[in-house]
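Below, chain A partners chain B and then partners chain C, in two separate complexes.
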Partner chain A sequence: MADVTIRTLTRAARFSVRCGEADRTAAAEALGVPLIGTIGAIAVAGPRRSLCLGPDEWIVAAPLEDGPAMTAAFAASPAVGSLVEVTNRDVTFAITGPGGEELLAHGCPRDLSKLAPGRGVRTVFDGVSVVLWRFDDRFEMTVWRSYVPFVEALLSAAAREMQAA
Partner chain B sequence: MILIHCPYCDETLPEAEFTYAGEAHVVRPDPSVSDETWRDFLYIRSNPKGPHAERWRHAHGCGRYFNAIRDTVSDRVLTTYKAGESKPVLPGDVK
Partner chain C sequence: MSETYEHVAPARYRISGKGRVNDLAPVRFTFDGREIVAAAGDTVASALLAHGIHLVGRSFKYHRPRGVVTAGSEEPNALIRVTHSAKGGEGRTEPNTRATMQEAVEGLKVESQNRWPSLSFDALSLNDRLSRVLGAGFYYKTFKWPRSFWDKVYEPAIRAAAGLGRAPTEDDPDHYSSRYAFCDILVVGAGPAGLAAAMAAAGDGRRVILADESGEPGGSLLAMPAATIDGKPAWVWLAETLETLAAAGVTILLRTTAIAYDHENMVGLVERVTDHLATAPADLPRERFWRVRAGRVVLAQGAIEKPLVFDGNDRPGVMLAGAAQTYLNRYGVAVGRHVAVATSHDSAWHTAFALTDAGVTVAMIADTRAQVAPALTAAAAERGIAVMLSTVPVATQGTKRIKGVWLAERTGDTVAEAGYHACDALLMSGGWTPAVSLFSHTKGKLAWDAATGRFLPDTSPEACHTAGAGAGVWGLADALASGAEAGAAAAGTTAPSFTVTGDDAGTGAPEGALPSDRPARKAFVDFQNDVTAKDIRLAVTEGMRSIEHIKRYTTTGMATDQGKLSNINGLMIAAEALGKTPPEVGLTTFRPPYTPTTFAALAGPRRGATFEVTRKTVIDPWAEAAGAVFEPVALWRRARYFPKGVETMDEAVARECRTTRKTAGIFDASTLGKIEVVGPDAAEFLNRMYTNPMLKLGVGKCRYALMLGDDGFIRDDGVIARVAEDRFHVTTTTGGAPRVLATMEDYLQTEWPDLKVWLTSTTEEWATIAINGPKAREILKPFIKDADISAEAFPHMSMLECSFAGVPCRLFRVSFTGELGFEVNVGAAEGRKVWELIVGAGEKVGACVYGTETMHVLRAEKGYIIVGQETDGTVTPQDAGLSWALGKTKADFVGMRALKRPDMAKADRKQLVGLFTEDPGTVLEEGAQIVEGPDEPLPMTMLGHVTSSYMSATLGRSIAMAVVSGGHARMGETLYVPMDDGVIAATVTSTVFFDPEGARLNG
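Up next is the complex of A and B:
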């Protein structure tokens, strides 16, 4: 039986960042976390982190109380781009334990053994677009709030099935 | 399930992350063309049996549109390339 635990994380400040290559460094400076230009790359700076989702798109997460200062810093920065706060749109689940990959395989068609710790992706979980971060000890899966009851039910049913196996 | 190589993510991924977006390289004509030409632009597609150039979007991924050559008989994706790049010549293509 593969052990797995699912819990809902407390709210974090979250931003969707879009900008071109020319503005990437300035945008990162304003937000206080590097924005790496390779899809799937995670950058960490203290409690803040970023994940590159597309050629000109990142998701940035930070402690809730850092949000307003980050918005202000981006507005004051010379970086041309868009910063959209999505704090209230997103709910994040942490999935820990050796059964994490197997649990997520119930809804995610990707081969998650190929997603190395320290990398992340936007992918799909049973039809729902999700952002998946992989760290040494856990996965974090971010879901739009309105999908949470569905995703949560599916995760717990899958965990029960794994328990029963 | 079809496996598709996203030229932006540089990874071969399951079809479930992608959405199909019709035939590629359909060029919008000048609006002054005849009704017949405009009708053909809107509705007439090549519908080949064999390699077909088509648009796909990595919707549950990087979000980019790109082009793919898919064999409509085997459903195998022969190659993919970024939007804006010209259609690659495949072995067996008539020159």
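Up next is the complex of A and C:
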């Protein structure tokens, strides 16, 4: 059975970024990470990355210590939009190993084999709204903090089941 | 014939050298306390039959002795209670398990059901002799009068006598799992057609799942060792094919039943993961529910053999011929030593030949048809089997095991005198019914084939293909070809072809109830529900016309097997009685699940920590450690109160209330919904969404805000703080947060897309800790070094951004208790730390922590409403006494227009008032109805109901809020609350019970 490891990532600076097409470039410049206009696209710039979740919506993640500077830069930029910090709202699990897809299939109703590395999606895991990022070596699944005990219990039961099989 | 049952000997009916079981690997289980030695690969049914045990249970209604009829999941009779003893515990007990599906497992405890005191002597078999009066509709007719007897006498007695199996009383210690899966092609059934379909579909990276309900793939091939495919013996071909499929990446799921075919090719599969294992790793689920989304589905479910309908066709030892062939060839078991065959289909002839070739005596083959293929009669003659054409069985003899059968020659519907023939097993075949259940789940149309008396799959709205016997194709060669075609069509490939020898292709004639020389009282159609041909005819006589009515009146097809064996026979008999064709009478609808499914498999992981989504705040673990009692609020669990020692809830709440009013109380308010509203048009947007004026709310100020629906009724409320010109911190009720955000988004996207404003849920970003009470500032002050929080600098309804002991903080001065109040908002990751700091500081001055119950009481003392408690979707701001929250000069807000309707201003609307009970110690019941006078004749006029009611420690008496018709004009009036044990008088008062001037807020 395919191996899989679940790890809770340390807190990152995370922002919900909202702006119209006209302000996208300016917003990206302020945040130091491209904001790609295609839903599901991940952009990476050094340790910062963004994922487009909607026509005017991105989630941006960066090292925790970068947060205040990014907030200040956005405030100072000419971009008209909304930057809301969700650093504390979001808890992210990294799921590594070839069994990642199978593990997530325990709760995610999407065909994740069709989610290519470098893309992400807002979906559900057993009814809980999650944001999934796929990279070459892992999935990252973000859930809101209060759902963590529930989601963690489901994930670990699924992982144990996969190990026992 | 002697009763073999009483003396369980070694497996005397096992034929060495036959079958796929391994009798060198014995598996021991018990049946009603007797040890049974099975061979590895046996089912419980095959192992019992190997020991000559046919009697396995009693029937549902008449408690007739019943035996194994089939070798598959369609089994109606052999329902057993199994306990997985080796895995420990009564909790691993399941009633109504089909003995034909339960694999023999070391240590399994098997018990027969529906018998008392014992299987061989059953007291309730008296019903069998009463069957003349227990016919169709008996209960409807007999227990109708007197009406009052139904609930107390008839129903309990009937329920006690009827019913199948006993539910286990212990908790099920196993766990269950569910998962999604995706594939290009799902093939249901791994018989010849399914295997051929999978072969055709596999390759080129296509994802193929092949599911079969049996423990071993192969389907009918497992009972056809003599056939060859592509020059190889069937079983060799099977093994090679499975290897090929595995190599091509096909996922083969065994012990996996496709139970439901839902929209867009979503097929539910239940996999039995551990029931066939004596011991299993603890982390393996007992069952796994697969939700498979398939591009295309090939249904190759095969066909189910029909019983013949004649008197005594339910005796142990009477079984389907195809089942006997499976027991012989797959399990190496002879179902008898001296066997009779009665059939209307060629397939039973081949069973007879196989049995003879294995050394079993087949006394005769009686066929209802006048003519059969000469090759069959020749093959019978070769084996010395007597052939009786135009012959029907009319009765059987034997109680716990068949001893003989009366066979009679027929001419159309008349029969000659019957002759008795001894036998220890009677194999019957009324032909084969394609298994179309899953196809029917798709809303697929069925076509009636009159020549063969079968419903065949016609058209389906889903991307599904049918193949093999399930599509009405009979014979190995044709089944393989049809499977290959279906698989190729599903995958867009070319169908492989197969060369077959030893095929058992054949035909049959459809029969309804067979003619008889005697009144056939016990010619069973539905074995599981004990419905006879006579019952169906009676239903027609009594006026039932549609099969749906006949079904309900007789209960035919309504048992857990959903009439897999009985539906077509029942339909044929009904059609004949009505003088119509079967499609005119109609077929009942097949519904999921295909076979009985455990609740646990459907529930999956829904138990324990994963029973239901439970949201927890970061302070929740602290509360748990502090001994809090919790309550669910929306998806959250919240601390309700914090009992000290042996305090009851009332005592704890009284203490928490008193301490808060006297000193201070600390409360986890993190669940409050929070929405960050940002953008140049944020103020304009909120001004439109809420009733209150928002444009001029100053930065650093808060305002209570009311949200209406466009019908003018209260939907939500909260506090809005202006963080910056273009940024607002909006709070909502705990339960309303997602709904409010969705409503806002809806208006924003559909009504006002021109507004430059964006909404972000920040409920979870912030941990919110409320400190209320005269000493609130004293507790808070030491932690706030960079801001002045004095009464003058930081008045009620203010907000500022500051640092709480180094943690960035949005500090609110608001109150939901009427006391001096603050709400500390910090990043949730820091919430636990900040909570502990505040609680530590609070304890020093004598403050306490409190829960939602105290919060409810404190706010009620002040007349603050809770949306959803005081309001129910029909309460306007005026009704709730909140007219002051309506911006009088506003051009518009959601709901404004509706409020101008004359109805909304009617004086007799239900309006929110306070109630003081005459006896201050009486606490009204929330939801209780309110009337004007205690002596009003019934039905009294309901004026309204109690919405909130508590014992107030602060006031030393009970308080209540209520919505009452014309309530605002009733101040001082006495109203009445009729309860079961008397009428309670209460006086209408203001809703503000405590500190009406609000002086305490400004402390």
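Methods note: the second predicted complex is superposed on the first by the 165 of 165 C-alpha atoms of A that agree within 3 Å, B and C clash if a C-alpha of one lies under 4 Å from a C-alpha of the other, contacts with A are read in each partner's own complex, and residues count from 1 in each chain.
Basically, a contact is a pair of C-beta atoms (placed from the backbone, for glycine too) under 8 Å apart; a residue touches a chain by one contact, two chains touch by 3 or more.
Computed from a predicted structure; not experimentally measured.
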| item | value |
| --- | --- |
| Contacts of A:Thr123 with chain B and chain C, given as first, second, both or neither | first |
| First, second, both or neither for A:Ala157, with chain B first and chain C second | second |
| Which of chain B and chain C A:Ser82 touches, first, second, both or neither | second |
| Touched partner set for A:Pro55, first chain B, second chain C, both or neither | first |
| First (chain B), second (chain C), both or neither touched by A:Pro109 | both |
| Chain B or chain C, by number of chain A residues touched | C |
| Contact residues of chain A, present in both the chain B and the chain C interface | 109-110 |
| Residue numbers on chain B that touch chain A, as the complex places them | 1, 8-10, 13-14, 16-17, 59-64 |
| Partner chain C, residues of chain A touching it in the complex | 11, 16, 18-20, 56, 80-90, 102, 105-106, 108-111, 113, 126-128, 144-147, 149-150, 153-154, 157-158, 160-161, 163-165 |
| Chain A residues touching chain B - in the complex, by the definition given at the top | 39-40, 53-55, 57, 109-110, 121-124, 129 |
| Contacting residues of chain C [partner chain A, same complex] | 175, 177-182, 207, 281-285, 291, 293, 605, 608-610, 613-618, 636, 676, 678-680, 756-758, 760-767, 827-830 |
